[in-house]
Amino acid sequence: SPIVMPPPRTEVVSIKFVLDWAIQGPQAPFVVALEKGYFAQEGLAVIVDRGYGSADAVTKVASGAYQMGYGSLDAMIEFNVKNPGKELIAVYVVLNNPPYSVITLKGKGINSPKDLEGKKIGAPEGDAPRRLFPVFAKATGIDPSKVEWVSMSPPLREPSLVKGEVDAITGFYFTGYLNLLALNVNPNDIIAFKYTDYGVELYGNAIMVRKDFMQQHPDAVAKFVRAVNRAFKEVIANPEMAADLVKQRDPLVDRNVELERLKLAIKDNMVTEEVRRNGLGAVDKARLERAIKSVVEAFNLPRTPSVDEVFTDRFLPPKEERTI
Amino acid sequence: MSKQSLSSLFVSAVKDYALPTAVFAGFFLLWEAVTRIFAIPEFILPSPSRTVEVMLANFPIIIRHSYATLEATLIGFGLSIVFGLLLGLAVGYSAIIYRAVYPLLVAFNTIPKVAIVPILVIWFGIGKVPAVLTAFLISFFPIVVNVAVALATIEPEIRDVLRSLGASKTQIFVKIGVPRSMPYFFGSLKVASTLAFVGAVISESVASNEGTGYLMIAASSRFDVPLVFAGLLVISFIGISLFLVFAILEKRLVGWAYR
Amino acid sequence: MIELRNVSLRYVSKSGFRTLNELEALRNVNLVVEKGSFTSIVGPSGCGKTTILKIVSGLIQPSEGEVFIDGKRVEKPLPIVGMAFQNPVLLPWRTVLQNILLPLEVVEPHRSQLQKNRSIYVEKALKLLRLVGLEGFADKKPWELSGGMQQRVSLCRALIHDPEILLLDEPFGALDLFTREELWNVLQNLWLQTRCTVLMVTHDLREAIYLSDIIYVMSKRPGTVIGTMVSDYPRPREIDISYEDRFVEQMHRLREMIQVK
Amino acid sequence: MSKQSLSSLFVSAVKDYALPTAVFAGFFLLWEAVTRIFAIPEFILPSPSRTVEVMLANFPIIIRHSYATLEATLIGFGLSIVFGLLLGLAVGYSAIIYRAVYPLLVAFNTIPKVAIVPILVIWFGIGKVPAVLTAFLISFFPIVVNVAVALATIEPEIRDVLRSLGASKTQIFVKIGVPRSMPYFFGSLKVASTLAFVGAVISESVASNEGTGYLMIAASSRFDVPLVFAGLLVISFIGISLFLVFAILEKRLVGWAYR
Amino acid sequence: MIELRNVSLRYVSKSGFRTLNELEALRNVNLVVEKGSFTSIVGPSGCGKTTILKIVSGLIQPSEGEVFIDGKRVEKPLPIVGMAFQNPVLLPWRTVLQNILLPLEVVEPHRSQLQKNRSIYVEKALKLLRLVGLEGFADKKPWELSGGMQQRVSLCRALIHDPEILLLDEPFGALDLFTREELWNVLQNLWLQTRCTVLMVTHDLREAIYLSDIIYVMSKRPGTVIGTMVSDYPRPREIDISYEDRFVEQMHRLREMIQVK
C-alpha cells in the first residue's frame, strides 16, 4: 500500500457532503472513508450528513448548502436541464447499476412484468424507479398507461404491499427486499423485477459536485474522490468491517441487516461486469449516452445534455487504483 | 366611542379593507425584493411573480387538488369543533375530568401527527379518510383548551345566577358556559382551522393521490418548486377565506365581548 | 316557611390542601320567615346578610346548623326561589329582555312552555319592565343601562317566574328616593297579589319598616340575630304613613337596636 | 366550598394523583389489549410492552436524542412566548394592527411548516437552528390569538379604572391586560408547547443528525417501528413534564381566576 | 375649578358603520365646581349623573359643549383625578392592599417613588383601610369581601394618590346607616385636610346636604340641571346637625325640587 505522505502545506478545504439517504450498508464507502480518517489524510475537513432522497440531495448541493453530494444520475440530469446555470456534475459513479426494481409477492398473480398491466403499484411520487418506469415498460414491452399508481411515503410501501393495499411496489431492491424480510415475509415469496435485468441501461448513484466548486477547488474534489475510492475498495474486500463501521457511526442500525444490504448492493449494483472491466467509478460513454436519452424521454425533458455535461473523468484516480 | 363623523367613517373603511390589502401587498413586495436582491434560486424560494405565473398556468390542476384538501380540512375541522367543544365542556366543567384527561391530551398532542398518519393509512386505506382524521386529530386540542379555560374561569357570581334557580350543570353550560366562552372559542377556531389545513396537507403528502399535499410532493420531486409555492399560496388564500367567515360570524355572535 | 336553626358559617381560604385562614361570618343564627310573610334583615356592612340569603337559597351550605324550607332541609338550590343579587350580574351577551327571560329557560313548568307561549311570557316581561320604569329598554344590552337601571332589570329577573320564595339583596340600593318609593309600591302590589314569601336585605330602615311584617336586626361580624321588630301597618300601605309619628318613632327604635350592638 | 373534612381531603388527593395515573394505566392496557386481540403487526402499531422493551434496550440513545429535541423545543418555545406575547399585545390592543396583521398570520399558519424547513436549512444549515426556528414558527400563533382575544375583551369598566388615572396604553397592558389574560395565556402555552415539540421533531426528521425526529426517521426507514414509538413515548413524557411545570406555575399565578 | 359648558351627550349604538339608535343622556348641562369645594349631584336613576362624572374625568367626550378643569379643556383623563366608580370594580388578581396601591403604580410622582418608599405608601394604605373600618382585610382577595366592604376599598383606591379632584359615584350606596355616617365624617376630615375639589353623585339627600357646599339637582333623562341648593353649615359638621330643624327643612326643599321635575 502506498506510503502516506505528509500532506502538502495547502489550506484545509472543508467539504460538506450530503448522502442520498440514511446511513446504511450501501453508504459504507463514505462512512469508511470518514471513520478511517482518509479524508483527513487528504487534508480535507469533511462533514457527512444523511439525506432525504436524491432530489433533495441534488437541491441541497445546488443551493450551496453542501459542496458535494451523493445521488442518482437521473435526478441530477433532470435538475441540470431545469435549472440552467446551477448545474452539477458527476465525478465518480458508485452504483454502476441502479438498484431500481418492481417488487411483488407470490400470490398477487404477477409473474412477469407484463402482468403488471391493470395492477396497482405503490410508490412515492418522486421515487426514481417509479418515474423511470416508462423506460422499464419500454424495455419489457408493457403499456405504462395501464398501470395504476398509488402515492405513499417510502416507509408505507412494504406494509401496503403485505396488507394488500397495492399489488406491487417500486423501490431500491436492497431496501425493499430487506424491509419485506423484516415484515416476516418468506424470502421465497418475494418476486423482484430488477430494471437492469431487463436491459434497462441506466446508471445509479454517483458523487456529484457543483460546477463552480469544482472549478475553484479541483484538488479538493480529486482528493475527496481518491479517499472514497480507497475506502470503496476496502468495503468491497471486507464488507464485515464496513458494516461494523456503519454500526459504529450510527448505533441504532442493525449491523447484520446492513451487512446483508451491503452485500446485495455489492453483488448487484457496485461490482458489475463493466466495473471489473473499467474499474470503479468510471462510466462507459456509449452506455451513458443511451442512459441520458432514456432519462430525457422518461422525464419529458426539453433538452438532451451531452455526456460531458453529466460526467467528467478528470478526477478519477488512475485506473490501477480503481481496479478490483 | 360616542362620536360618528364622516371622517371617522372613512377611517373605519380604511382600517377595514385598505390596511390588510396594503400589508399583503407589502409582504409580496418584500418577498419579491428579497428573491431578487439576494438572487435566490427558484428551486429554493421562487419569487411571488414567478409563483403566480405558475399558479395561473396550472390553475385547474391546483384548484382540483385544493378542493380535495379543502374538503378533507372542512370535514376534519367540523369533527374538531364538535368533539373539541364536547371534550372542552367536560374538562372545563369537572375538575376530575380535567385531571384525568388533560395529561393524556397533552401527551397525545406532543406527538407529531406525521407519525400517526401511517397507522391511519394502514387502517383506513389511502385516500380521504386519513386526511380527514389527521385534520381532526391535529386541530381539536386548541378548541378543548380554550373552551375548558373559559368554562373553568366563569365568575362564581354569574354562575350563581343560574345555580340559584336550581339549574342543572348542563343548563349552566348552555346558558353561561357556551356564550361566555364564545370569544375564546372563536379564537381557538382560528388556530384550529389553520392546523386542520396543515393536518390535511401532511396526510396527503404521506399517502394520497390527490390534494395539495400530494401536489406539493409531486412537484418538489420534479424540482418544480414554484408549483409547490403556488399550491401553498392557494391553500393560504383558502385559509384566509375561512378566517373571514369566522370573522363575520364572530362579529355577529360575540360583538358584546368586544365593546 | 323558611327556618334557620343555629346556623353558623365560616369562610375558609384554601391553597391546595392547606387552610390559609378562616373567617367566621355567621354565628348561631336562628331566624324564621313565615310563609307568605315579608321579612327584612338589617345590619352593619359585612355582618353576613348576603351570606344568609345565599344559605337560604342553597348556594352555600352552613358550616353548622340547618336550613329548612317548608320543613324540608335545603341541600341544593331550589327552582321555587327567585333571587335578586346585591350586584345586578346581568349576562352581557343577552339583551335586557333576554336577561329577564332567563329563569323561564331553566325553571319548570315554564321551560317546557316557553317555546309555545313565548309571546305571553314576553308580554309579562315587558309589563314588569314597564312597572319598574324601563319601558323601551327591552332590546338594550345591559351595559347600556345606568347602575340603577341594571338593578331594576335584575329585580324583574327575580320576579319573572313567580317564585314562591323571593330573596332580595338590597334591591333598591342604587336608586334615588323617588324611584325607590315608586318601586316599594310596585313590589308591595305584586306581593299582595302573589303572597310569596319574601326575605329582603336592606340598609334603609324606612324601607324595612314600610315593606315588612318583621325586621330582623343583626350584630356585627360574626353576625347573629340581636333583635326583631314587628311592623303591623295595615296593607296596602302608602308612602304617607312613613311620615306618621309612630312610624318615625319606630325608625328611631330600630336605629337604636342596631346601634347598641 | 366552605367545608373541609378528612374525607374531602382524601378525595382531593385521589383526584390529584390517583386518577390521572389510573387513566394512563387504562390507556396503556387498552393499547396492549387492542394490539393483542386484533393481532396488530408490530410494523403498524407495536404493543406498549414491546415499545417499553425497545425503549429500555436503547435508553441511552433515546435519551440523547430526546435531549436534543427538548433543547430545540425549549429554545423555540421561549422565542414563541416572547414574540407571541408581544404580537398578541399589539394585535389585541390595536384594532388597526389586528386588521393589518391577522390575515397574514392566518395565511402563514395555514402553510405546513414542513414546507418551510428546507428553506430554513438552506439558510441556516442542517442541525439545531432549523429545529429551533420550526418549533418557534409553529407554536407562536396560539399564543398570539389568545393574548389578543384576552386583551380585546377586557371589560370597559375595568379598563376605565386605569384610564381614569391617565394611564398610558402600555400601563393598561401591564396592569390589566397581562394579568387578566393569564389564564388564557397559560391555556395557549399548553397548546404552544405541544406544537413546539411537534415543530422540533418535524424539522429534525427532515434535516438533522440528531433529535427524536432523526431517530424516528432513521428507525422507520429501517422498519424499526417499536423504536419509533419508543421515541414518541419519551417525547410525550417530556411533554407532560413540561405541562406539569405550567400547571404548577398556573396554580400559583392565576389561582384567582379558578375560584 | 371644574366647568361644564353646554354639555350634551348622546350614546350611539353602532353595528359596523350603521348607527342603530341614539340615546340622549345629557342635554345642555352647565355646572361649575369651585376649586376646593365639595359639590354633589342628585337626580333620578338614569338621568346621566354617572355620565357627567365620566365626562369630567375625560373617559368620554361630550357630543357637544366643553369641559374645563382649571381653565384647560379636558381632552383625556388626567392623573390628578381620583375616581370611585358606582361599581367597586376591584381587580380580582390583586389583594385588597394591592388594589389600593394601584394608582400609585400609575400616577407620577408616586410611580417613581413607589419602589423606594414602598413601606410609607403601604402604611398610608393601611391607615386608609383602618379609617374605613377594614383593618385586617389588607391581604384578602376582593371576592372575599361583602358588597359594602368592596365599595369602601374602592373609596380608598380613589384617595390613595391624594388627587386634586375627587369624583365619587354613590360612594356609600351599599353601606348601612351607621357605617355610612362614620364614613361621612372620615371623608369630611380627609377633605378638610387636603381641600381637594370633590364632585359626588348620591341618592341620599341627607348625605348631600351634610357633606356638600353646593348641591345640583338634575332632571329626568335627558338630564339637565334644574336647580341648585347651598349648604352653608360651618365645618367640621357633626351628625347632630342633620336633626336640626333647618337641616330637615332643607331636605324637604331639596326633595320638592327633585319632585317638581
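Residue numbering begins at 1 within each chain, and the chains themselves are lettered A, B, C, D and E in the order written.
Going forward, contacts are C-beta pairs under 8 Å (C-beta built on N, C-alpha and C of every residue); 3 or more make two chains touch, one makes a residue touch a chain.
In UniProt terms, the chains line up like this: B, D = ABC transporter permease; C, E = ABC transporter ATP-binding protein.
Owing to the predicted nature of the structure, the values given are computational and were not obtained by experimental measurement.
Engineer: By the touch criterion stated at the start, how many steps lie between chain A and chain C on the shortest route?
Structural biologist: Between chain A and chain C, the shortest chain-hopping route counts 2.
Engineer: Using each chain's Cα centroid, which is most distant from the centroid of chain E?
Structural biologist: Chain A.
Engineer: If you tally contacts for every chain pair, which pair is highest?
Structural biologist: B-D
Engineer: Centroid from C-alpha atoms only, then distance chain D to chain E, rounded to Å. What do you get?
Structural biologist: Each chain reduced to its C-alpha mean, chain D and chain E end up 47 Å apart.
Engineer: Measure off the straight-line distance from the CA centroid of chain B to the CA centroid of chain D, and report it in whole Å.
Structural biologist: 17
Engineer: With centres defined as the mean C-alpha position, give me the chain A-chain D separation in Å.
Structural biologist: Each chain reduced to its C-alpha mean, chain A and chain D end up 39 Å apart.
Engineer: So which bits of chain B are touching at least two other chains?
Structural biologist: 44, 118, 122, 156, 205, 257, 259
Engineer: Going by the touch rule set out above, which residues of chain C reach two or more other chains?
Structural biologist: Residue numbers touching two or more other chains: 11, 87, 143.
Engineer: Going by the touch rule set out above, which residues of chain A reach two or more other chains?
Structural biologist: 59, 63, 155, 159
Engineer: Touching residues of chain D toward chain E in the complex: what are they?
Structural biologist: Residues 157-158, 160-167, 171, 175-176, 179-180, 182, 254, 256-257, 259 of chain D touch chain E in their complex.
Engineer: So in the complex, the part of chain D that touches chain B is made up of which residues?
Structural biologist: 15-16, 19-20, 22-24, 27, 44-45, 95-96, 99-104, 106-115, 118-119, 122, 141-142, 145-146, 148-149, 152-153, 156, 183-184, 186-188, 190-191, 193-195, 197-198, 201-202, 205, 213, 216, 228, 232, 235-240, 243-244, 257-259
Engineer: Residues of chain A touching chain D in their complex?
Structural biologist: Against chain D, chain A makes touches at 21-22, 24, 49-50, 52, 56, 59-60, 63-65, 154-155, 158-159, 179, 182-183, 250-254, 257.
Engineer: Flag every residue of chain E that touches chain D in the complex, lowest number first.
Structural biologist: These residues of chain E touch chain D: 54, 57-59, 76-79, 81, 83, 85, 87, 89, 91-94, 102-103, 105-107, 141, 143, 161.
Engineer: Show which residues of chain C lie in contact with chain E when the two form their complex.
Structural biologist: 11, 13, 23, 42-46, 49-50, 86-87, 144-149, 152, 169-170, 173-180, 203, 205, 255, 258-259
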